[in-house]
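There are structures below to look over.
The same chain A turns up in both complexes below, where it pairs with chain B and then with chain C.
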Partner chain A sequence: MWKKIKYYVSVAAALTRLAIQSQMEYPFMLIGHVLANCVQWVVGFATIKFVVDSFGSLGGWGYESMAFLYGMSVLSHGLVVVFFIQTWYMPYCVIEGEYDMFLLRPMGVLFQFLFEDFNLIGITDMIPGLMVFFYGCAKVHLTVNFANTAMILFTLTGATLIRGAVWIFCGSLSFWTKSTANFTDMVGELFERVSMYPLTIYPKWTQVLFTFFLPLAWITFYPVKDILGMEGSVIPVPMAVISLGVGVVMFALSCGLFRVGMYRYESAGS
Partner chain B sequence: MKAYLFIVKIRIQSALAYRFNVISAILVQCLFMFAMACFWKAAYGGAGAVLGVGEQDMITYTIISVIMGNLLTMGVEGRIESSVRSGSVALDMLKPVNIYGIYLAEDLGDMVVAFFQIAVPLLILGTVMFGLPVPASTVHFILFLLSFSIGYLINWILAALLGMCAFKVISMGPVRNVKGFIMKLLSGSVIPLWFFPKGLRAVLEVLPFVNIYQLPLGIYIGRYTYGEMLLRIVFQLLWCAALWLIFITVQKKAAASVLIQGG
Partner chain C sequence: MNIIEVSHLVKEYKKVKKDKGLKGAVKNLFVQDVEYVRAVNDISFEIEKGDIVAYIGPNGAGKSTTVKMLSGIMQPTSGEILINGISPQKERKRVVKNLGVVFGQRSQLNWNLRLGETFDLLKRIYQIDDALYEKNIEMLDEIFKISEFIDTPVRQLSLGQRMRGDLVAAMLHSPEILFLDEPTIGLDVEAKYSVRKFIKEINERSKTTIILTTHDLGDVQELCRRLIIINDGKIIEDGSLDELVDRIAPYRQLVIDFYRPAMIRHPKAELVSVEEARAVYKFRKDEITAAQLIEDISHTAPIKEVGLQEAKIDDIIRTAYQQGRGAEDSTARQ
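And now, the complex of A and B:
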């Protein structure tokens, strides 16, 4: 078992190095993406600031806590783009028979697929993400201690797993539909709307939907509320731990769906 | 003219071939519209009018803005870049029509499709969720259409100007996205300018971007007096004319620097 894990880690490292090297061949592309991402998140953040400045608060949330929420959201977006961007191309791989190559090798298909192209450009999302995050931390006067650090790390891990799971889930659907239908835009919009703004601005049924049935509220909303100590929670467990749990369960389920889907994979004609 | 109309027709036919894309686009836009309307509802939270605009007006603003966003998608930027990269721009230039005429016709064709495929469904969905977004009056609506058309041209020329950079740099990378994000903020498409800090607003009012979204939308919800509307539309026309002149000048220079890659 230990040997196997070691082997997987070494392969992941080798693949990552190759991917980074190939992307470093185009430094200007990278710089362009840093700029684009910074502009994107600054614009998004300005929108919130201007509105909250004019209205005072939004769904019971003040400017400071919204800044923190936004930072957490952008950060987890950056992480998922780094590790799981490959899943965007799953429908294409199913139609074109790209999985043949992975199936022939003696390793997990999903593992190979996810690490085949480590997305260096995704790190450019992390730069504005970190900026907004630290700004938010300063605004809410977050005390740096073990508990808070652990909760933030738990939340980010959970958030990345939840987002990644949804992407894998949507991509795996193409094993059945056999179409290039791409849900990337739809899911992206959903993530942004649910994780960057407090859930309290939406109607009750939406809140229930995103808490229990499509648990996207666990990406940022509940754990951040808990970290900021906004209200006494009903359950004695920190929300960040629940987020992590939701993330692990969803990720496991999506991997399961991918495996089942793989049985229906029939490669490409000709 | 017949040639351009034919392009419009071809564009409509090819867009009709992708059913899933249409449904997905409607869903994404509907999601965005719903979220933004909730956002404004939460911001107002029962307050009557903030900075002279009521909650219902703001929701109308949002619904119409989302619909406009779908009509104002400009293919010209990507079109120039891809035809420069593939070299097909040379073939386009050989044809006995103006290439920018072709590109404009293509975008207009796309707009016709977007109107029926996305705008109308969105209007229906918006009406079901939040009530019919009615304009302030018939006159306001007519002026809105006028201002929207001028705004369309301004937006198109800006897109074409950016697209022409491709003649020089061949690959534009994420520049187009940057323009999209900046425009989103500066044009008032998401947040109207009256919520911006005063100094920033003064600068933005002079730039051409407000004429694309904010002006037509402001007219639609009856934000301006008649005198102000006319003045602003004249100003909008001036911007359009100025950009057109820049466009004509740049276009001549750009044509000279076309580099044919294979083809």
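And now, the complex of A and C:
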């Protein structure tokens, strides 16, 4: 078992290194993305500031806590873009028979697929993410201690897994429908709407939906509420831990769907 | 020993018939005409260890589909495949460890990076230990001469070099079986020649079993001891090229130029045409040799020059394709 993990980690590292090297071949693309993402961040943040300035607070959340929530959201967005953006190309891979190469190698297909295209450019999404995040931390006067750091790391891991799982889930549908681009776009919108703003601004039924059925509220809302110490929860376990758990379960489920879909894979004409 | 065993292999595709125009598109949303097409229709064969087999057939005959099922990429609708006694559908990872596959139309090399990077990655993926890796690289370099361009980014390689790179990549983990899907497609005469030479050498040195699909009959002639022809999803010929030639085109033609116009008949050859001093004879290889025929005729009239015409391999294969189709039609009519 240990040997197997070591094997997979070593291949993952090699794949990542190659992906980074390939992308370094085109340095101007990297610079372009840094600029574009920073602009996007400024606009996004200005929107939030405008909203809070106009309404005072949103669903009981003040400007400071919203800044922190927004920071967490942008940061987890950056992470998922780095690790999982290639899932957007899953329909293309099905139509063009791009999975052939992975099937011919003695390793898991999804594993190879995810690490083959490690997205260095996605790191540019992390820069604004980190800036907003630290700004938010300062605004809520978050104490830097072990517990808080651990909770934030749990939350970010869980958030990345939940978002990644939903993307893999959408991408895997392409084994059945061939084209899922619209669906993926819609889900992307949902992520942002649910994770950037407090869930309490939405109607009750939406809150139930995003808590239990399409658990997007666990990306940021619940764990952040917990970290900021807003209203005591009924469950004795920290929300960040539950987020991580939700992430792991969803990720496992999406991998399962991918495996089932793979049986339907027909490759492409020669 | 049989390294590959295929029995009653079937692959069925669902084909949806689309109606014409906008009206059709709307109708197809609710009602679909689905028909099932058998790309591979009940195929069985065995391949012995160390053999080179050509798997040929016209476009859409089911060649690539078969290779993809053999290598675990696709699931068969029914039937069984055993590679080294293991099913690629049930234990893909174990089977592909022992498989090298090259698709001529597709590359597994990392487009942006130097060729060597892909090799390093494969070394890790196949867990090749350093000593074996060094040994294999050295051997493959001797055959394919890759050290000339191992540090060049793949995107800058010529098609011939890229194909050599792909062949090396497929051979690094010393697989026992090699599937080559149109390995010489698009290559110039020189590159084709060298790729064929390499394939031969690999087979001789490492006793690698090779299955080759191709449209280039030169590949078949130069490389393969055995030929499997598939058409419309069924195997229509299976045997050596010589056998096939003997059966489909048992006749040869002898062209004789006499000094003077002559009309000489021979009991074992048919006189096809006479044009001034040139006569053309058609005879069966198994009834008389060309040498005997020339000798017999030269007793009657002095011969200036002779020429022997074999049936062209292209024509033979085309006849084989048509025969297969004809047989199919006639069974359908019955």
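The definition used in the following text is that the second predicted complex is superposed on the first by the 265 of 270 C-alpha atoms of A that agree within 3 Å, B and C clash if a C-alpha of one lies under 4 Å from a C-alpha of the other, contacts with A are read in each partner's own complex, and residues count from 1 in each chain.
The definition used in the following text is that contacts are C-beta pairs under 8 Å (C-beta built on N, C-alpha and C of every residue); 3 or more make two chains touch, one makes a residue touch a chain.
Fair warning: this is a prediction, and the values are worked out from it, not measured in the lab.
Trainee: Do chain B and chain C fit side by side on chain A in the superposed arrangement, or is it a clash?
Mentor: On the superposed model, which is not a single observed complex, chain B and chain C fit side by side.
Trainee: Counting only touches as set out at the top, which of chain B and chain C does A:Y202 meet: first, second, both, neither?
Mentor: first
Trainee: Under the stated touch criterion, which partner chain does A:L18 make contact with: chain B (first), chain C (second), both, or neither?
Mentor: Only chain C; A:L18 stays clear of chain B.
Trainee: Tell me the contact category for A:M186 with respect to chain B and chain C: first, second, both or neither.
Mentor: first
Trainee: Contact-wise, after the overlay, does A:D100 reach chain B, chain C, both or neither (first, second, both, neither)?
Mentor: In the superposed model, A:D100 contacts chain C only, not chain B.
Trainee: I want to verify the contact counts: of chain B and chain C, which reaches more residues of chain A?
Mentor: Here the partner covering more residues of chain A is B.
Trainee: What is the contact status of A:N145 with respect to chain B (first) and chain C (second): first, second, both, or neither?
Mentor: neither
Trainee: So if I take every C-alpha atom in chain B and every one in chain C after superposing, what is the smallest distance between them in Å?
Mentor: Between chain B and chain C, the shortest C-alpha distance works out to 9 Å.
Trainee: Which residues of chain A touch chain C in their complex?
Mentor: 7, 10-11, 14-15, 18, 21-22, 25, 99-101, 103-107, 263, 265-267, 269-270
Trainee: Quick check: in the complex, which residue numbers of chain B touch chain A?
Mentor: Answer in residue numbers: 20, 24-25, 27-28, 31-32, 35, 38-39, 41-45, 47, 50-51, 173-175, 177-178, 181-182, 184-185, 190-191, 195-197.
Trainee: So in the complex, the part of chain A that touches chain B is made up of which residues?
Mentor: Result: residues 28-29, 32-33, 35-36, 39-40, 43, 46-47, 50-51, 53-55, 58-59, 179, 181-183, 185-186, 189-190, 193, 197, 200-203, 206 of chain A touch chain B.
Trainee: Which bits of chain C are touching chain A when the two form their complex?
Mentor: Residues 13, 63-64, 68, 71-75, 92-94, 96-97, 99, 101, 103, 105-106, 108, 110-113, 117, 120-121, 124-127, 153, 181-182.
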